[in-house]
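As structure tokens, here come the structures.
Two complexes come next, and they have one chain in common, chain A, joined by chain B in the first and chain C in the second.
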Partner chain A sequence: MRKVITLILGLTSLGVFSLYSQQNNGGQVSGNFQSDVQYYIEDPEIGAVAVDEFVLVNSWANFAYSQGNFSAGFRYEGYMNSLMGYPNQGGINDGIGIPVKWAMFTNDNLEITVGNYYEQFGNGLIFRSYEEKTLGVDNAMMGFRVKYTIAPGVYLKGVIGKQRQYWDYGPGLVRGIDGEIQFNDLIKKFSESNFRFSLGGSFVSKYHQEDHPFYFLPNNVGASAGRINLAYKGININSEYAYKINDPSADNGNIYKPGQALLINTTYSTKGLGIVLGTKWVDNMSFRSDRNASLTDLNINLMPEISKNHTYTLPAFYPYASQPNGEWGAKANVFYKIPKKSLLGGKYGTTISLYYSRVHDIDRSPVNDTTPLMAAGTLGYQTNFFSIGDEMFYQDMTIEISKKWNKKFYTSMSYVKLFYNYEVLRGQTGHENVDANIGIFDMTYKIKRGVAIRTEFQGLFTQQDEGNWGLGLIELTIPRWFFTVFDNWNYGNLDPDERPHYLNFSFGFVNGGNRIQLTYGKQREGVMCVGGVCRNVPASNGIALSISSTF
Partner chain B sequence: MKKFILFVFAGILASSVFAQEVPQVQIKDLNGKTVNTTTITQNDGKPVLVSFFATWCKPCVKELTAFSDEYADWAEETGVKIVAISTDNARSSSSVAPFVNARGWEFDVYLDTNGDFKRAMNVGNVPHTFLLDGNGKIVWQHTSYLEGDEEHTFEIIQKVATGQPIK
Partner chain C sequence: MKTKNYILLIIVALFFSISCDKLEEPYAKDNIFIWNGRKMLVLDFTGHTCGNCPRAHETIDLLIEEYGEAIVPVAIHSTWYAKPSTTDTTLPFNYDFRTDVGDYLGGRDLETGFYGELFLPVGLINNLAVENLKVHGSWATEIALLASTYPEYLINIEPAYNETDSLISCEIDVTTNIGNSRKLALTVLILEDHIMQWQKDYSLENQDIEGYDHKHVLRAGVNGAFGEIIKDNTDASVIDDQITKSYSYKAGEDWIVNNCIIVAFVYDYDTKEVLQAEMIHINE
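Up next, the complex of A and B:
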């Protein structure tokens, strides 16, 4: 009933403003739409199953209305029923409705949002509310948000609300404030200075009341974070530290240890050269508004990964996912462009990118001689600040060389060497870890204006898991249309009877803000990651249609 | 209930115009300074091309490289300004400045770390490019990048710069 009232109130306000706008030469309507349709065919060779419904469809559409300082909108979503692999335990995600609705107005330096909103404090170590539709992640807040620019360079935000959980809201309340001072904008004398300096701080508290039969649980859990950003000419240093009080949860096995996290990113760049050095350390920082939640549900924060986000098919077989219970990581990236008209640079220059990252567990020791490590109801473990454990979770070395040879021919070559701790990252004990070497060769040849052929050859070589893979792709693009065929072949599977081809055909049409794509083929079982979050994708065979439009 | 929604929605549609302006959202520049999206998309009555990208998105990088190769000529002929909006999240947002500077891209680049501007512009997937006319109205948009798209984009920019109809 409450939902209906909220909806009526929201829509009535839209209606009122639309009437108002009629007298004032109209406001603006905008929005977008996406629909993903999949028809499933059973295919025992790759473990793909058909579904009772034959076809599953995920769709959503956003509508926003704005006029002057006012805007409002809603999102219509329909999962009829949810595509396989989406978080949908017991059909919890299936259905149709308007789960997201919001209204916002700004008045001078004050911005007020009611209803649903997304927000991030700093790097998101203690608060990040966001959506990643392709993964089924949406922890939108439902409540109120106030943003206020107190003075030039001084920003304050306050949030309160509950988090979206499929078609409902989680039981916990989330409250938070965040402030940032950018001194160069606050103090006029420094406005033109080469040296830029800013400080930020945030505090987030969740309230989740629960009577546990064994444990006395904190109803209120607070977390705070402080951050600094320094920039001088090409150098930039960004660091954030976060601390959370004890928060026993299903994630950490009901231990009472407080959590902390540190993130440091240092970069240097000048024309033709860029360097990134980063590290992070995370100790017991899982933070959800329901301590019993799991998977992608009700996360209040998000620990950013430190490794490269691979988008080619084969290196993306083994993607890293952050371990909020504890991890240490470091990375170094170098981007360099060999200048134009030099021996190696050629007419257009050659771009070289190097990526290295390594992630370990943190070091843990028992709290005392009599308490076993990680025992529920105790502090669980002790660790030194910035400790590095022996167990490696992930390592990635990538070199990528891109070169435009002439107006018609472009190549990109990559070599990736990675180590993937299968047991930890997939949660499957007893599975051997993966050492893999991957080579990729990507070529584009422009035949004439608007017409091009692109080919991709990828090889993944490993003694573990499913053994070697080879992928060949060819893509033809003509104005507004594309046609792609690829075969992904597990030719080196250690079991000769398990060497399937994953053949895939697709074509699509793009016009302005509209895009339609039709695919027929097979998809390997695996993990799909977008924007720092991953989900398991089951093997599938069938026809997929995807339509998207922005207006 | 359904009829009510339809009624309200039809009312809004009937009363509204579809030529959009850029919504006002706070994002950051590569030095960490907070900027307003309505300010960074101004260009003295000349067109502005706003391109949403991510450093991990291959078609986006191809598109921006193509824009970069032509930018000096385009700007000279039409006065167009290119504004690139990175949708990289905290995982890779700190790498955007080194990534962009190493490639020598001359256009302004901003960080939309939590997708606030992307959402306000109704962008589903990157790359997604909008063209604003001299009055700041969104007059054209394009999603995805197919080889050679930049030539079509430039034709549209030329038309908008000289006040010709796009279609």
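Up next, the complex of A and C:
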């Protein structure tokens, strides 16, 4: 239950947030807390190491207050010290503090936010400020944002600020504007129309002082984008094109070629059927507020992913990492529900999902006969719009069939075929590309109300990388509690001495907004990706405690 | 309302017009570098199976081309990327470049070192503090900030080599050039140039290069990873004050001593700023 109390948040004369509570006078406070604690045990068999601190802790809590047209909040974060695998080069992420603080109010058609904020223009091709705690990514803006509603369905947004970089801010300034017209809201006679149409456009400029001894660099780099959305009954087409001027950086090896990107997504849905088609083409679109930044630091934009985020463990071994320097991708996804009471549908119907995605490099050629490809201090390369290179980065074919057999029994079966360009996507060497076939069988049996038992059986079969894997899981859920045991076994490693079991035991308690989970087990070394952005996951063995709470 | 909208449009148009710097060729500057004698230490954390590391090697080559002897580069093979792939000397990536100092600073295999988890290539430019780890794209900028400053110290190295017992020795004079009251530490390293071994390079179609020229590779830390303190901050030093230190180190069996280099640098023990560096070939 959400507590309603009164709280006054104010900025003190020192510019620091303070808060104190009163009895109810109409304001509302909300918040959440999460802490992930890991005790590390050395385990040479899987390459897991212990840490000097024995225990590492990531924690954070959000608090927000709102009353009428005003709201404000802040976030506590504590990395004591950062869990292994999170971006923390040289201990830069370790620390405790209040890095995020904000206040917002609306006045007629004007909405103003000061302090830290997150924002996205269109699909994020030229601007997306966001946080993803599982990756350790947070490029929150620090500055102000203004949104002005000019007329119904027409708005203009402006942002300015610096981007968060761990406990500090990057050196560059980011300025941007975004506008959109929803014609069905603007023109009254179209408001009930089945045909819906909107247009949007945005422009973002970063300022980073030129300081290179060898090259003239642009202090100001601008990027613009235009988007369109068309919808008619169950069909929706969304497309956006972006262009960025010369932006030599550490990412692109100081080349001066402009960047561009195109994204098209089409969906169709009707009762029992859904179709998603999409394509993406990206050419030299890395865009950071510090031209020397790397990894996940100070990205101004984010290319939406075209590949599927697998949630089962084994297909998630080989996730796709977006390549902002150049990629072409396409995807198709069809959902179909075989009707109830048909031969294949049975009493409750059967759901089939077919998914295919493929990503290639773009095609590049030298700018002239005397300049090497990608030479610094030149245009770097040339390419035709929407060119597709020969090198394949990733391919995913997935079929999933889900069926409810009766009131107590539910199954889901999946087959996944993956191609994974290991060297490009993992940035490591000495590996063959991976061709993997994966099968998954998931069963849930409901014993009685609130009590269910679920099992998962997964198998990954490949001749490359670490060879075959098998996973078995059993999970018991009873009211407020869950208990899980699984073993992930690298039984087919080409080296018979390297076939470890990754056994895990966990149980948890869930009550209202509180969740506590304790896990003992081993974790395989690998990577995890969310939205095409990835981080390394080191091998680990130990005890993990996770506590989360919302109010 | 209409007037407000027109004002908004004007602001938008203005914003578009002022926020881009479109550049035309030539993109390269024709700078004249004025050098006042300060040498700059570049610690390049690298590895032979790191396919992006040759880009950092190229950056160092570019810096040497621009700044000449003012650059003192050290390639520290460490982390997972320095691990030999095999012990079979006929197969790629069999050579072990690793050193105790490199392992301590950068980490060995999956274990992190003093500088924590490193994403290669990464380096330190004239400062040993962890927060100064930089990607190679920014090294030139860091160097440019210091290139024309005056050195607080001058270093002279007198190398010698005794073939009978394979002993490399040196006498190092550290002379004050600008008076100060710093706590001073001296680090001495031995490097080897031109180790022709395998290197991964992602930019090439055939990514595994046999006989890659590995330059200024760290072979040993003569007096530890962070050297030794040679002056406390309670002692003011004035111009021409001199501190002399002597060291010796037994060469490794697979070293080509004629290609070996002695590097010495002094740094402020408190701020970790490198104040001066020097390098000399053993056969000079």
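The rule is simple: the second predicted complex is superposed on the first by the 522 of 551 C-alpha atoms of A that agree within 3 Å, B and C clash if a C-alpha of one lies under 4 Å from a C-alpha of the other, contacts with A are read in each partner's own complex, and residues count from 1 in each chain.
The definition used in the following text is that contacts are C-beta pairs under 8 Å (C-beta built on N, C-alpha and C of every residue); 3 or more make two chains touch, one makes a residue touch a chain.
Predicted, not measured: the structure shown is a model, and the values here were computed from it.
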Among the partners chain B and chain C, which is in contact with a greater number of residues of chain A? B
Now for A:Tyr336: first (chain B), second (chain C), both, or neither, which partner does it touch? first
Applying the touch criterion given at the start, work out whether A:Tyr215 contacts chain B, chain C, both or neither, answering first, second, both or neither. second
Using the touch definition from the top, say if A:Pro496 reaches chain B (first), chain C (second), both or neither. neither
Touching A:Ile92 in the superposition: chain B (first), chain C (second), both, neither? second
In the complex with chain C, residue positions of chain A that touch it: 47, 49, 84, 88-92, 148, 150, 156, 175, 177, 179, 203, 205, 207, 211-222, 224, 245-246, 248-251, 253-254, 256, 291-295, 374, 377-378, 423, 427-430, 525, 538-539
Any idea which chain B residues touch chain A in the complex? 1, 4-5, 7-9, 11-21, 23-24, 26, 30-34, 56-58, 69, 89-92, 94-95, 97-104, 113-116, 119-125, 128, 140-144, 146-148, 151-152
Touching residues (chain side chain A, partner chain B) in the complex: 4, 7-8, 11-12, 14-15, 18-19, 21-22, 25-32, 34, 62-66, 71, 98, 106, 118-120, 123-124, 128, 130-131, 133, 147, 153, 155, 180, 182, 184-185, 196, 198, 229, 231, 234, 236, 238, 265, 267-276, 278, 302, 304-306, 308-309, 311, 333, 335-337, 348-349, 351, 444, 446, 449-452, 454, 477, 479-482, 510, 512-515, 531-532, 548, 550-551
The answer for chain C against chain A in the complex is residues 5, 8, 12, 15-16, 18-23, 25, 27-29, 31, 49-52, 55, 62, 66, 81, 85, 93, 109-112, 115-119, 122, 130-131, 133-138, 140-141, 143-145, 147, 200, 202-203, 207
